[in-house]
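After this come two complexes, each holding subunit A, first together with subunit B and then together with subunit C.
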Partner chain A sequence: MIAALASPMLTTPWPIIKTHRENSDTFTLELEPPESNGPFAFKPGQFNMLYVFGVGEIPISISSDAGNPETILHTTRKVGTVTNALGELRTGDSIGIRGPFGTNWPVEEAVGKDVVIVAGGIGLAPLRPALLHLLEHRRQYKNVILLYGSRTPEEMLFRKDLEKWSSQLDIQVYVTVDRATRSWRGMVGVVTPLVHRAPFDRKNAVAMVCGPEIMMRYATEELQRRGVPDDMIYLSMERNMKCAIGMCGHCQYSSEFICKDGPVFSYDRIAHLMGKNEV
Partner chain B sequence: MGEAISNYAKRILPSTDLDRLLEALQQKGYTLVGPTVRENAIVLEEIEGAEDLPVGWTETQEAGSYKLSRNGSEEYFDFASGPHSFKKYLFPPRLKLWQAKRHRAGFKVEQENDQAPSYAFIGVRSCDLCAIEIQDKVFMGDSYVDPVYKERREKAFILAVNCTKPGNLCFCSSMDTGPKAKSGYDLAVTEQLKESEHVFLIQAGSEKGHELLEALELADADEGAVEFENKQLEDAATSMGRFLDTHKLPSVLKNNFEHPRWEQIADRCLSCANCTLVCPTCFCHTVEDTTDLTGDVAERWRQWDSCFTGDFTYFAGGSARASTKSRYRQWLTHKLSTWTDQFGTFGCVGCGRCIAWCPVGIDLTEEAAAIRATDLVSD
Partner chain C sequence: MRTLNDLLQTHPIFHDFSSSFIADIAECSQEKEFEPDQYIFWSGHEADYFYILREGAVALQARTPDQGMVTVETLHNGDVMGWSWLFPPYKWHYDAQALEPTTAVVIDARCIKGKCESNHELGYELMLRFGRIVVDRLMATRMRMLDIFSQTK
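Our next item is the complex of A and B:
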């Protein structure tokens, strides 16, 4: 008998149907899952492995609406070899996709509760499907609050979404920038202090946090100070990944494999690790 | 590990008949892999028959040292673990997973087929048998299964050797992984060299092994031989060169993340990755994507990687473990602590390879003991 070697490591080419520039170094790829593979389904917070022909493969969260899996969006920043190569691709090109992988944001567990979402920079991308889910099922939730911090107004992600959500009365959006530029009339400063005055009931709230690790630490501290219990705070972690199926060992974070035990963790599960260096 | 003890009858295989057994395996289509002398070490390679086994050879091991020597003995298995383990056959060091060709605006992916033969592993010590069981959990134990590993593993035949000659760096008694092979083998032998005779006490551990053994029509083992075997294994269990106290070890290591000992180890550790390469349970690997010169054909290769390399934890924010201290701490803590959370067993089988093949002779039993002795959080 001859083994079909690669199955979980085998990538499938998906065509790019549109590309969109978010800011100077961040872009979104719009992809169409091929019908031959059967319907593609994912949950908010999950990720795919994106392969550029001959260049390499990296984990990127899905940033589109899980209710519309016919079109899949990946938003990423040019920071390394593969993301730079991804940024060069155009409509009609194909990339390889494996996925979806990992745990998801607790949108089911949050039903009947206030939901506070804290995002920093590119961290808004994995949270976008959660926001879209909350808004689509708006009546199932109490207050929905988005706190978003960007380095500058120009680097803000999903500007159209932010403007739309800001004009809606059923979601409260607070946007802040680290450094204001001339046209900015909004808040200036880091995002974490906004937690302090966000309107949610600490006894009945779920928090979803994504951004740089340091930002997630401070956001968590603020949420704890407000009285949100550790198991109601969810974070999305990031590490080097080669396989996404718990075998290559790269993403280990103490006992956790970020790829399969995460990327979304409730804070109580990883509280003992946060803030420690070089875990 | 594994409490199962075989119910099959024990038989006597005269040492001169070892080739009959190996030939029977070859006739069944197995490619034999066993210990043999190469480049001043006892390594694991494909062998043709009993004449390739390291008869008359042994070795002495110290931290950072492995010396092959002749001892003139007639025994086939008078040595402890060498630098190789059977993982190189089940989890190959470098393997092509697939290739892709450009096709219009996109590309087409073609799976690679594994051409590996059915291996018969000859002379698997209990420590290495346990190591295979540990890797089974990694590659086949969860929702995702590595088809390469699974295929090779299911095709393999295991001829275990109950270990009567633990080495100076061995501590399988501490890890409950030996010296007797408890389960997971097709056949297990105990080599017995007495003044008048040289035999193997042999017992099947599977239906596959039982069938093969029946065909050899061997005599039953007498009480004397079984008693002698018990004594051999009792002696082996108490003559380990190393010891590791595993009591509450997972929590001791977790509680001592900031222990000053890690800095001291880092002063010696070269972060060379030798320990991870010789370790029979280390499973970390990387994926390499390449193209040919035309840029039209791409390949994906999988190859062994190590948590001691700089690239291992590199991601957008830099290296998650930049210092040698953090890498050694990760390796030791994984083996003896976090592995138990992930897979329900230690990631160490007490084979001592990492001690022998560490160029500066770092000894994990010594390091774990030092941390326990100065536990920052004693409870």
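Our next item is the complex of A and C:
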């Protein structure tokens, strides 16, 4: 159970202590929560509201290790006014933060089970804290499998992490690209069919999926074909948000609010909404 | 040692196939190994076989004017490679190159088509299963056409 924030609408300035360029237009901000607010704690899959002073506020998932909350990472892509402004910030600048908000990946519920993580594009960022948790508590889980799809080899996120995880024997990593370059010797093709080859026990597995909605829909179909029950498939949904506490209705997804009922939902809860127009 | 019948029986494409169907297919099959970088077939050549990859990886490639040889898709252990044998003009559409030591069950298309002609039930079951593979690849291709990870969106 996630405790409610005392002042969820109060923005606090956090300094940027480092910026990392992930690829041509994706970047990571490394932030330091101010000590005056007390210790910052979050769960894998949760998000913060990031406010660029004078520009605007947007929700962005936390991409760092929940076991190390002294430093918080946010990874995003320049796609609009606020993310473009975030991308221009440098070490020493500050942004306003509210959070953490939302539901988390079921890392506790997955104890004793196989865990299949399916990520597409920047969808790897919200899943990174879950992966770090699984690897930190590796003995509590059975097979851990990461299926990651990227548009091109150059646009892969967290390349160092992927290289490290690929060389480890306690996690199976399958990386595929939609478009290969001449030097790429790995897999080519979409990520969702990789579910077929992932070695997991369908009766004792939890799947965590994040990426573009259409990718999540097909990934879910593949997982269902493998026999994973709907309540063991978790997706992270995305909609425009404003208040992040279920008051304003910006992120309303039929009867659900993405900000407070999500962003992480089990598929059985939202199956009737997936792929429906104008929801 | 596992026989060809055993190998075919355990592959998902032949799931629920009767032992007589499996025996028919095994009569048309042989195991073959391919060296890394070895070409298995070339675009435009007769599509006389299809393949069930047991180990290794194969790149399906096309030559483009600006980039030279481009890998369109990679196939891996368990994948079925090739459906050009099913439809006229029975020519391969892409080149297939082994990326690593690769073992495949190679199935003679003429032999299988002969069996299907004389046993339409076998033909129907095979077409159903190849239809599923074609649909899966079509869906994957459409998803790539959508370019869902595009940076510009």
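What we mean here is this: the second predicted complex is superposed on the first by the 272 of 279 C-alpha atoms of A that agree within 3 Å, B and C clash if a C-alpha of one lies under 4 Å from a C-alpha of the other, contacts with A are read in each partner's own complex, and residues count from 1 in each chain.
In the analysis below, contacts are C-beta pairs under 8 Å (C-beta built on N, C-alpha and C of every residue); 3 or more make two chains touch, one makes a residue touch a chain.
Just so it is clear, the structure is predicted and the values come from calculations on it, not from any experiment.
Asks: Put the two structures on top of each other at subunit A: do subunit B and subunit C fit, or clash?
Replies: After superposition on subunit A, subunit B vs subunit C: fit, no clash.
Asks: Now for A:D178: first (subunit B), second (subunit C), both, or neither, which partner does it touch?
Replies: second
Asks: If we overlay the two complexes on their shared chain A, which of subunit B and subunit C does A:R197 touch? Say first, second, both or neither.
Replies: second
Asks: Can A:Y218 be said to touch subunit B (first), subunit C (second), both, or neither?
Replies: The second partner, subunit C, only.
Asks: Once the two structures are overlaid on A, work out the angle subunit B-subunit A-subunit C from the Cα centres, in steps of 10 degrees.
Replies: In the superposed arrangement it comes to 120 degrees.
Asks: Touch test for A:G149: subunit B only (first), subunit C only (second), both, or neither?
Replies: second
Asks: Please determine whether it is subunit B or subunit C that touches the greater number of subunit A residues.
Replies: Between subunit B and subunit C, B touches the greater number of residues in subunit A.
Asks: Now for A:V79: first (subunit B), second (subunit C), both, or neither, which partner does it touch?
Replies: both
Asks: Kindly classify A:G121 by the partners it touches after superposition: subunit B alone (first), subunit C alone (second), both, or neither?
Replies: second
Asks: Could you look at A:R139 and tell me whether it touches subunit B, subunit C, both or neither (first, second, both, neither)?
Replies: neither
Asks: Is A:D25 touching anything from subunit B or subunit C once the two structures are fitted on A? First, second, both or neither.
Replies: In the superposition, A:D25 contacts subunit C only.
Asks: May I ask you to decide whether A:G189 touches subunit B, subunit C, both, or neither, giving the answer as first, second, both or neither?
Replies: Touch status of A:G189: second partner only.
Asks: Report, in whole Å, the shortest distance between any C-alpha atom of subunit B and any C-alpha atom of subunit C after the two complexes are superposed.
Replies: Minimum over all C-alpha pairs: 7 Å.
Asks: I'd like to check the shared interface: which positions of subunit A are touched by both subunit B and subunit C across the two complexes?
Replies: Shared contact residues on subunit A: 77, 79, 212.
Asks: Going by the contact rule at the top, pick out the subunit A residues touching subunit B in the complex.
Replies: Going by the criterion above, the answer is residues 1-13, 15, 51, 53-57, 77, 79-80, 92-94, 96, 212-213, 238-240, 242-243, 245-250, 252, 254-255, 257, 260, 276-279.
Asks: Under the definition above, what is the set of subunit C residues touching subunit A in their complex?
Replies: 57, 59, 67-74, 76-78, 99, 136, 139-140, 143-144, 146-151, 153
Asks: With touch defined as at the start, can you tell me which subunit B residues reach subunit A in the complex?
Replies: 95, 97-98, 100, 102, 105-109, 111-115, 138-139, 142, 144-148, 150-151, 254, 257, 283-287, 289-291, 295, 298, 300, 302, 305, 307, 311-317, 320-323, 325-326, 329-330, 333-334, 338, 341-342
Asks: What residues on subunit A touch subunit C, complex-wise?
Replies: It is residues 24-26, 77, 79, 120-122, 149-151, 155, 176, 178-180, 182, 184-190, 192-193, 196-197, 211-212, 214-215, 218 of subunit A that touch subunit C.
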